[in-house]
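Dumping the structure here so I can ask a few things about it.
Chain naming follows the written order as A, B, C and D, and within any one chain the residues start at number 1.
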Amino acid sequence: MSEVGLGLRRIYEDRLAFAGLVILIALVVCAVLAPRLAPYPDDIKEIHPKQRLLPPSANHLLGTDRLGGDILSRLLFGARITIAIAVIAMGVSLAIGVPVGLVAGYFRGWPSDLLMRVADVFLAVPQIVLAIAIAQTLGPSIPNVILALSATYWPWFTRVVYAETRSTMNETFVEATRGLGSNPGRLIFLHLLPNVASPIIVRASLGMGFTILTAASLSFLGLGAEPHSPEWGRTIAESRAYLPEAWWYVAAPGIAIFLVVMGFNLLGDGLRDILDPRIRTGRAR
Amino acid sequence: MAQQQRRRSGSYALERYDPAVGFTAVRFKDHFLGWGHNQSPIERIDFRSVRETTSVVLGLIKGDFHGTDGFLPADQIDRLRKSENVRIVEQETMRIFTIQLNNQRAPMSDVHVRRAISYAFDYDGFNNGVLKGTVVRNPVPLPNNMWGVPKGVKGYTYDIDQAKAELAKASVKIDRPLRLHIVAGNAQSEQAATVMKAGLEKIGITVQIVPEPWPTLTGRAQKVETTPDMWTLWVSTLYADPNNWIGESYNSKYWGTWKSSSWYKNERVDDLLERALRSRDQAERAKAYEEASKIVVDDAASVFIYNTKEYGPFNKRVKGVRFCPVGSGQEVRWMSFE
Amino acid sequence: MIDLLAVRGLELHFETERGPVQVLDRVNLSIGHGQVVGLVGESGCGKTTLARAILGILPLSARVLGGEILLDGVDLLRMPASVLDASIRGRRITFVPQDPFGSFNPVFTIGAQIMELLKWKSAGLAGTGDDGARAGWMPGLLRPYPRRRYRADRQAVIDLLREVQIPDPEQMLRKYPHQVSGGQRQRLMIAMAFLPRPDLIIADEPTTALDVTIQAQILLLLRRLVKEHGVSVLFTTHDLGTAYEICDKIVVMYAGQEMEEAPTDAFFGKPSHPYTRKLLESLPNPEGEIRDIPGEIPGLIDPPIGCRFHPRCPEADANCRRARPAPSAVGERHWVRCYHPAGAAQPSLATPTPRIAR
Amino acid sequence: MRLLLFALRRVAWLAPTLLGVVALTFAISHVIPADPAALLAGEMASPEQIARVRAEHGLDQPASVQFVRYLGRIARGDLGRSLYTTRDISFDLVRRLPATLELTLAAMVVTVVLGIPIGVLSALRRNSLLDHAVRGATIAGLAIAAFWMGIMLQLLFAMTLGWTPLGGRLTGFPPRTITHLYVLDALLTGDWSALGSALNHLALPALTLGIPAMATVVRFTRAGVLDVINSPYVLYQRAMGVPASVVVWKYVLRNAAISTITQLGLVFGVLLAGSVVVETVFDWPGLGLWAVNSIVMSDYNAIMAFTLWVAVVYIAINFLVDVLHLLVDPRESAA
């Protein structure tokens, strides 16, 4: 575990990455404690037609929405949806992408090539477009959005893992363990996985941010959350009709999205520099 | 969506059309009604189809547009009121808004449940809060300003206790979330649905809101089994007779059309509506419609919400704006620039 | 007469997160007119840094803390970069890089690159007060290449390419770097170093990147050109054999300190510094056994006080650990910085077997 | 000649990917849904109608047969009919294409014209205040939701300042159409008022679409330039006293350009994807908006066609980039 400790220490030293980490911790806290933190937890269901579109004030720090809901409270609950989407989508993508990448990287021959070509096909379509197609066919709902995002993101992991595995395979110790006749499974999980871990972590962190953006876009286009859900992209879509007067209505959720994605990107970049000096980033120099 | 194309242009001839842009019409000189009534008629009209309401309003305020159709969100009308370029012509029309209940399907088959639902909608909150009083409460299956409306029918009010009481009387159990279908991308039906949902959850009924394109909805309404538990519906004027509303909606002989999508069945009402339809005697017809209305309201066949007010925002320079309730639009023949 | 180039007490550090790396410790070095000086030492001893310091192309992290680099008595360290560009670099001092593969720009033809260089540096410019570099930024780029001079220079290039035994020079000028072998590239690099008719050429391990057979040819070529053009050369290498073959004088560096300076014969004849002796012993000798120097090169973040070799030195005593010894003469133009020089002449150790006739 | 061979080799490599994309859209439209026939026939359809649709579209056949037919249709450029407008989809596609093309190209211009110089500057002045600012901005640029930024721009420039229209492509009817790119047409026909209007309408969407892509370009340009600056050949140039201006503007840029060109394909992908959202925000009558309207109308055929179209264009662009790369980088020709 000292390695983890070391990693954390490095993150702490990298100011930007640390900022990212702080943002994300804040996000999780908001999501978990939403019912306690929210000034008006009921406003997820409750409506107050008489106090709609109130500008920010002491009672409503971020103002109220088109049905009188307290925007701050709704944002806090929205954070839950955002996290759920990002985490589940990434989890599923990992669950699909990593094994495929490992297998394709470990075994040579046409099955591996085929797997990689399939991945390429998915990567040939911009994610959001493919996600739209899938989500629309499945019918608009958050679970389907998650499904669509997972179905479109796994190839990124496959790519990374594949490349890493192949290079690791050529390193001597793998040859050695092979020589000792240890079975593929053992080799993959004891030797390859640890080696591909760091690029996966980096990719996942950056992927979270990307996924959150895509998910928000889908909701904005009306593919995600059902009406009056506190989901951030959805809220922005609803707020448009009340511009320019109700500027706070559109500003708040947008900034929320921005901060969270920023958090993941900063952390991701930081991790990339820390875990994987081979990959050069703009920040590295 | 500002659909200027909706305006009738019989007295104007189409000159140019582009679905992405809109169309241009020029005055049709030899229109059978002639133009004697209008000294300086408008020679040329550009109709632009603009998707974003906000753009329409901005255009009106800046004076790029001289008019638009009446159905604008309340908040936009507020903005227009503030502008010195725009004059808003206001009048109650005959376009009523209801939430349809599928009377043939449990639990809505139980009159007490239907009443409970009707008590659970915050009419005042929606009409005067969300829509800022740009509509008027319309508790009956006919536009308030139509003849045949029964006198002194208050209809239902937002009253959770009453709702609970009614629900207690209900014989059926509500063991599933009710599906409330709305017109996809239509902000007002979204908000109405949300208000309905909020109210129903107070009395322990969960609601799932399902956005669907309009053609799908009307399609569903053709069969009782595909008709949603509830859905938002506007009935506007095709012809100025009570039958256009209550008749086509609650006379079971019309089953299968989307207007009658509440699948309401009541011998007495059927009988009354038939008689009203056949009779020549205005007084008798009125009585029949009034009585039928009372029953339908008492049965809470649908949730009757409001009757639309028409807001014709026009550039101050435009004169002679008159409304035509049928198809609710404004007749350009009468208009002129000052 | 004064030396062409004299480095006096040059002290230089590299800034790093882990503190300053003390790469050069008050280094002295002198190069006479027409003299070929070999700067010898293990990699990381600071010879490349010294070479770069003379050219003024140190990395950003480098800090010069003291000393001077005199070219005909003028201190280059106190000269503004523009003047260096205009009248020193590529004019009086030219450069043969270690890596002939990377030192050509892959996306331009060789001809384009040579001519671009001559546009600013051709001998034709010498004497005329003209210098491109002082002419600001964009102007430098837009500056035309006078037709007349261009033709002259191009001819000069082709002649010189013949001289460095490049078959069919015109053809060569049209090629891209990746289409040319390493040996050829290094010949080109050498040619480019001579074209401006410099006084001093700094050749930074010019042969290490090449394989042995090529090395020999390049050395031969270099030596011939040096003799013909009578230029001075600073030749850094870690290979004593190479140094032996072309140098008039050899300077040994260890861990950022120069240890001994001697004419080539004296250097191999009677090496006086313990390190030098170890170095020579480590050469493959007739008996074919290889003796290694015990111990390892110190880290330069906190180098040993005094003589940096003392941790590995059999002779080392308190003095060595206290202060760095001053240069002491042990023979004709033969200096050594050691408290215990092996002064007495003794039978020469292994001299490297020449690969080319001297 | 060599170029041609290279191109052919690339095409051969791309063909399977294309096939795969078609297979993908087929899977989405025919395999995922429980009953594609019901989807096509629409919610209101009676069992008989659904049955008829199933027969018409051969949905009762085994999947393999269906796929072959599907492939054939697509090869013939027949993308089916829109379930909503019942028009031929390829017709809509073609009619909507120019708008999206104009927007994407404009955004591309913004991206490249701004992105590359900024990247170079930030690399040349690395660790300067400017550099830090730029790097911060790029990280931010990649974190902003495009649709939100678009709305904010509208809020500022259209609603508050009133400098630009909220959306749309033009006020009034387009200039005499030659290319259907209004800006170009207006220029060609010298219709200055239309030109002004077109540019005015184009400004915000192009910016919104361009900025995230710009962030990417800046990053890669910066990294590329740094690579070059630290390369031995630049060191050599400096050692030989070639003026800094020449080294930077001639050598560094030329080399950095290569690494940037390879990124353009990626950038174009970003732009294509972005156009869906941006066109919605700015009511831009292009393919993206068309796709979104198809979503609202749950017009599956249209959405599949759009997906397919984007994929094909995306692949084609990447192919072109490879060829371009071959042209600018002599090393490629060796490989």
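We take it that a residue touches a chain if its C-beta (ideal position, glycine included) is under 8 Å from a C-beta of that chain, and two chains touch if they have at least 3 such contacts.
Computed from a prediction, not measured in an experiment: that's the story for all the values here.
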### Assembly fragments, subunit D aside and the remaining chains unmoved
A, B | C
## Note on the structure
Per CA centroids, the chain at the heart of the structure shown is D
## Note on the structure
Ranking chain pairs by contacts puts first A-D
### Task
Tell me, please, which chain's centre (mean of its C-alpha atoms) is farthest from the centre of subunit B?
C
### Summary
So, in whole Å, the Cα centroid of subunit A is separated from that of subunit C by 54
### Task
Measure off the straight-line distance from the CA centroid of subunit A to the CA centroid of subunit B, and report it in whole Å.
43
### Task
Averaged over CA atoms, how far is the centre of subunit B from the centre of subunit C? Could you give it in whole Å?
91
### Computed distance of Cα centres, subunit D from subunit B, in Å
41
### Task
Any chance you could list the residues of subunit B touching two or more other chains?
52, 54, 184-185
### Sequence positions of subunit D contacting 2 or more other chains
159, 296, 298
### Message
Edges wherever two chains touch, nodes for the chains themselves; is that graph a line, a ring, a star, complete, or other here?
### Response
other
### Summary
Checked against the stated definition, the touching pairs are A-B, A-D, B-D, C-D
### Task
Provide the residue numbers of subunit B that touch subunit D in the complex, in ascending order.
16, 18, 20-21, 24, 46, 50-52, 54-55, 58, 62, 64, 184-185, 212-213, 215-216, 218-220, 222-223, 226
### Summary
Within their complex, subunit B touches subunit A through residues 52-54, 73, 75-76, 79, 122, 124-126, 128-130, 182, 184-185, 187, 190-191, 193-195, 197-198, 201, 208-211
### Of subunit D, residues touching subunit B in the complex
42-46, 84, 95, 99, 158-159, 162, 165-174, 283, 285, 296-298
### Task
Could you pull out which subunit C residues touch subunit D in their complex?
52, 55, 57, 84-86, 88-91, 94-95, 97, 99, 102-108, 116-117, 120-121, 132-133, 135-141, 176, 178-179, 192, 202
### Message
Applying the document's contact rule, which stretches of subunit A touch subunit D when the two form their complex?
### Response
16, 117-118, 120-122, 124-130, 132-134, 136-138, 209, 213, 216-217, 220-223, 233, 236, 240, 243-244, 247, 250-251, 253-254, 257-258, 261-262, 265-266, 269, 280-283, 285
